[in-house]
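Chain lettering (A, B, C and D) follows the sequence in which the chains are written, and residue indices restart at 1 in each chain.
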Amino acid sequence: MPIHDHGYARYQGTRTPPGRAWAVIAGAGIRGMLSARPFLFVLLFAWLQFFVRAVMLYLAANVPQADVIAPSPATFREFFDQQGFFVFVVAVYVGAGLLANDRRANALQIYLSKPLTRIEYIAGKLAVVMAFLAFVTWVPALLLLGLQAMFTGSLAFVREHAFLIPAITLFGFLQVLLASITMLALSSLSTSARYVGMLYAGAVIFSEAVFQTLRGVTGGTGLSWVSFGASLAQVGDVIFRVEPRYDTPWGVSLLAVGFVIALSAWVLARRVRGVEIVT
Amino acid sequence: MADSHAAPALGPAALRVFDLGLGQMLWSRRTVFMALVAGGPVLIAVLLRALASLPVFDGGAGQIAGRPVSLDGPDIFGLMIWTFYLRFTVPVLGVFYGTALIADEVEDRTVTYLFTRPVARGAVLAGKYLAYLVCTAVVVLPSVMLVYFLVVPLLGGDIGRNFPALLVDLGLIGAGLAVYGAVFGLVGAWFRRPLLTGLVFVFGWEPLVVVLPGYMKYLSVAYYLQGLAPHAMPQGDALSVIQALLTSVQTPLGTWANLLALAVIWAAALAAAMRVVERREYVLGQ
Amino acid sequence: MSRPVVVADRMSKWYGQVIGLNEVTVSIPPGISGLLGPNGAGKSTLLKLVTGQLKPSKGHVQVLGEPVWGNPGAYRRIGYCPDHDAFYERFTGREWLTALLGLSGFEGERAAGAAERALETVGLTTAADRKIGGYSKGMRQRIKLAQAIAHEPELLVLDEPLAGLDPIGRRRVIDVIKAWGRDGRSVVVSSHVLHEIELMTSNILLLHNGRILAEGNVHRIRELIDEHPHTVRITAEDPRRLARHLLGYPHVIAMQLQDGAVVAQTSQPDAFYAELTALAAGDEAGAVREVTSPDDNLQAVFSYLVEH
Amino acid sequence: MTMTTRTRYVLLGGAGVMAVGLAGGLVAWVSSRLPPLVAQERPDELRYVPPEATILSFANVREVMDSNLRRRLREIQPELDGQREFQERTGIDLERDIDYIVGGLVPDGPDDTRGIAILAGSFDADRLETLALEQGGAASDYRGRRLITIPDESVAMAFLEAGVIAIGSEPLIKRTIDLPFAEGGVDSNDSLMGLLRHVERGSTAWTIGRLDDPRGGGWLPDEVEAQVSQVAAFAAGARVNGGVSGTLTAEARDEETGRNLRDLLQGFLALARLQVGSRPELRGLLDSIQLTAAGTNVTLTFDLPSDAVLELLPDRSDADVAAAP
């Protein structure tokens, strides 16, 4: 029997092959964030240090008296250190609501009822935070290295410190991954973005406070592994081949960072499910 | 008839909102967070006590795990007051609860019930603020107390002799909760993203300006609070080293000047927050 | 008693770029008035302006002779029942009412007495000491009404009070509202279902796209609506059999079968509902599961009014 | 109130912890801070000090040696040379053998005073005697007690009882041995012993004295000396543990003098605070000083954490260098 009236037409476009759906989530998330004007200001602020450092590089390259501010691997290490605050702010701004808002709106069930695996969903969300965090750490750091070569008109520094490119990339990735996945794991625990932001701030600062207390009590920094920030900083020093700042063996610090990432991944795996289990 | 009931004045109205809000606040999802924040130091204190009874912590030789301990109980307590309470618990709870005074009710859409009563909106804020103060004080101050009794006797510290310092600490933390709560009550009433604004203020602005020379530090709460602390500032991170260097050059404010500054900030912030709430419309999301 | 309870003068309200209410000039007389309009018409906005929760972007509104924005003293005379389902879940019904009465200036015994009366009125006395978090949808709707009436206001403002109620609850709430009107007090009640409003009052205010389309007697509006077919959707055990029966009625203009439901258009809804009830009571057409009336018919009237 | 039971429990719990803590702390504070209520206990050895003594001191050597502060001092200055030599010569290990020392100044004629020190601890009597004899001393028995005199230095030493030695001038030592048989010791001197009430209980060291004939010694500014001459009595006590804390009470001859003394000290402190900028290590000390006055009494209290004490030590770095081989 012929159908005279079509209420709908069969979709005849192309489909994204499976495994690529995360890009849709990531894209939507990134576009969503970029449409918020206050956030653009935050990003702009986060680049402030880059501009200051760029001017310093320019001076160091062109003014003989400005020798004191000549760049060294430690310069790039410091750059990452000082971006730490913006990593924190951007992570809270971008990451706090990523899962919490979906959970609040019960959107998780809808997402996961689509041809989209949990891994893809998490990866998409993770990509949103990581993209912005990389934008305020890894991108400006590499750019600074490039600027150095451009201002001096020679690749001598870059060649001499060739390890800086992998170091910046490796540390940038580690820093960004640690912040993102912790944030996301916390975001999966609640339905309120504000609460998640607070949890994140609490976790970071509390662990630092515990470390500072132990440092005061023991008079040494061997227990720096109790703090997220201190562990990451210790690993960072090793990656940038500068003097490690704490007494903790860097392997222990790396283990601490790895533990936090693994714990966060475990939390995500448990919490991101299409079916809400009510107990 | 309804006309025979006068609407409550600001004070009684605030008390009624307080009554309504206290349980609400105490049993919100924040409670878990607050328990962690206030319980953390106690846990650390218990751990220190436990360590003290273990052979690794040879109190007689003044060593922990072979490392000489240059502090005694009161010093450790002072350190904990700084790192946990003054720099962490007080500002964090201030931000978390302060920014949520009205925001929580708006988010839950229960603010309708408060704002359609014959009660000035300012009284609603004042009542919620009072609830915040009681709610945090009733958890944080006992936490300080427990830490004191757990930590001060370590390594020969004397509970009696350090008691006045404890009273100062308790007062200081109470004042900190009050002032931060008022400031972030204002931030919460005013800004669209109060939490982030608050976090940036507490962990970005304040640590920076208190070490900067000049007048910027007067635009913080931490500066005045820290000036009142009876314990020496811990010299851990770079910031506090700079701060210690600078304070030895600059003349710090006296106790009364600090207290006055805190009182002014408190009163101004609270009054401004009440005014903002009075004038602002809260459009509830659908 | 003829002084209007709500007077709005060229009142507009916009949220950023979105217009909620557009140049509304209206005067609502004492007694029960129904505010009728589809979702998004601006009913809630109007009621929020009337209860002083929002400030008009332009124009003025006076309630019971007083301005309301920033005038908490006036709220003593107003009771408001919001449309959203929000509560202090940890309170029991009684605790919640007593606390809110406290904010209205009631104290001690007086507050307890008023709470008890309100609970009785909405039929929640037995559930009064259970936590609101454990209430059913209907009970929540009723406790919400209780908080609006407990302090015995002169003007009751109810935003969709019948939403989500079962037939018994609906009956009870309608009775409460009507009794309130009989006592000489005023009620403004909103709904998107004409049928519901009709049960409470004949004085209606039609709102659409932020504008007042019509105000006055329900019969006039009724007539307008009757000129337009009224759509009813019926889910039944055996839709085909039911459809056969319905086709026999003269006022049924059109009929459609949609996955297990019959969608009928009628020119005389009253007669249609009466006959449908009779049909459901009998056995010949099979069981009737659900009867809904989509907004479309009201929408049709609005379109008509907008065009004319 | 619409408070739920659970809320009420939390409030009560919090208030309970606070109440118990505050009460406990207050009691501990009162018992540690209010010396007049619980005065310093008196060592038994006071009975060996002649009753006419004008200045009396006590030092709990054991407590000092065991203190945290001492431990930290040792980290900086591992050992003093003199200490080892003393031990080699006397067989007395200052670190371990002495429990406490009681000292007294006794007037001897209008212009002179003699001192006596009574050491309690564990001593090797035979070794001490041999040592004294080697130095040219002479041993004898006096009223059944072993008395060793070293004529050149006009110093005598007597073994009063097991673990108690008296050192001082010979007549004074003999008088000390006589005391229990005659009038009794300084502990019966109520006028002097009364000053102990100003000394905090549990003090590691204290000194009290009545100044009937005050002499400033010429090193004080004239104005101060004039004031000091108005001091009738003083009592000072200190506790050593992590740091040092203590009180110094001066009893003026009349209230007017008391006020003057207080004003003078206040002026001093203010001046010191002004000038402390150039000596940051003194800041801790100055900040901890509190001045109170009541009637004829002026009391100074101070409390120094160990860090501040170490800061105050002169030439720490030099000492470090000197100690290094």
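Heads up, the rule we're going with is that contacts are C-beta pairs under 8 Å (C-beta built on N, C-alpha and C of every residue); 3 or more make two chains touch, one makes a residue touch a chain.
No experiment lies behind these values; they were computed from the predicted model shown.
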* **Reaching chain C from chain A through chains that touch each other, fewest steps** => 2
* **Farthest chain relative to chain B (centres taken as mean CA coordinates)** => C
* To do: Find me the chain with the mean Cα position closest to the mean of all the protein Cα atoms on display.
  => B
* Distance-wise, how many Å sit between the C-alpha centres of chain A and chain B, to the nearest whole number? -> 29
* Asked: Using mean CA coordinates as chain centres, what's the chain B-chain C distance in Å?
  -> 46
* Asked: Roughly how many whole angstrom separate the Cα centroids of chain C and chain D?
  -> 87
* Once you find the CA centre of chain B and the CA centre of chain D, what distance in Å lies between them? -> 43
* **Contacts with 2+ other chains: residues of chain B** => 19-20, 23, 27, 68, 70-71, 75
* Going through chain C residue by residue, note those that touch at least 2 other chains and give them in order. => 90-91, 99, 102
* Structure fact -> Touching at least 2 other chains, the residues of chain A are none
* Asked: How about chain A: which of its residues touch chain B in the complex?
  -> 38, 85, 88-89, 92-93, 190, 192, 194-195, 197-199, 201-202, 205-206, 209-210, 212-213, 215-220, 222
* Sites on chain C touched by chain B in the complex -> 15, 51-55, 70, 72-78, 80, 82, 84, 86-88, 90-91, 99-100, 102-106, 147, 151-154
* Residues on chain B engaged by chain D in the complex (per definition of touch) -> 19-20, 22-23, 26-27, 61-62, 68, 70-72, 74-75, 134, 137-139, 141-142, 145-146, 148-149, 155-161, 163-164, 166-167, 232, 248
* Report the residues of chain B in contact with chain C in the complex, numbered from low to high. => 1-3, 5-8, 13, 16-17, 19-20, 23-24, 27, 108-110, 112-121, 278-279, 281-284, 286
* Residues of chain D touching chain B in the complex -> 1-4, 6-7, 10-11, 13-15, 17-18, 21-22, 24-33, 67-68, 71-72, 75, 241-242, 245, 280, 283, 303, 305-307
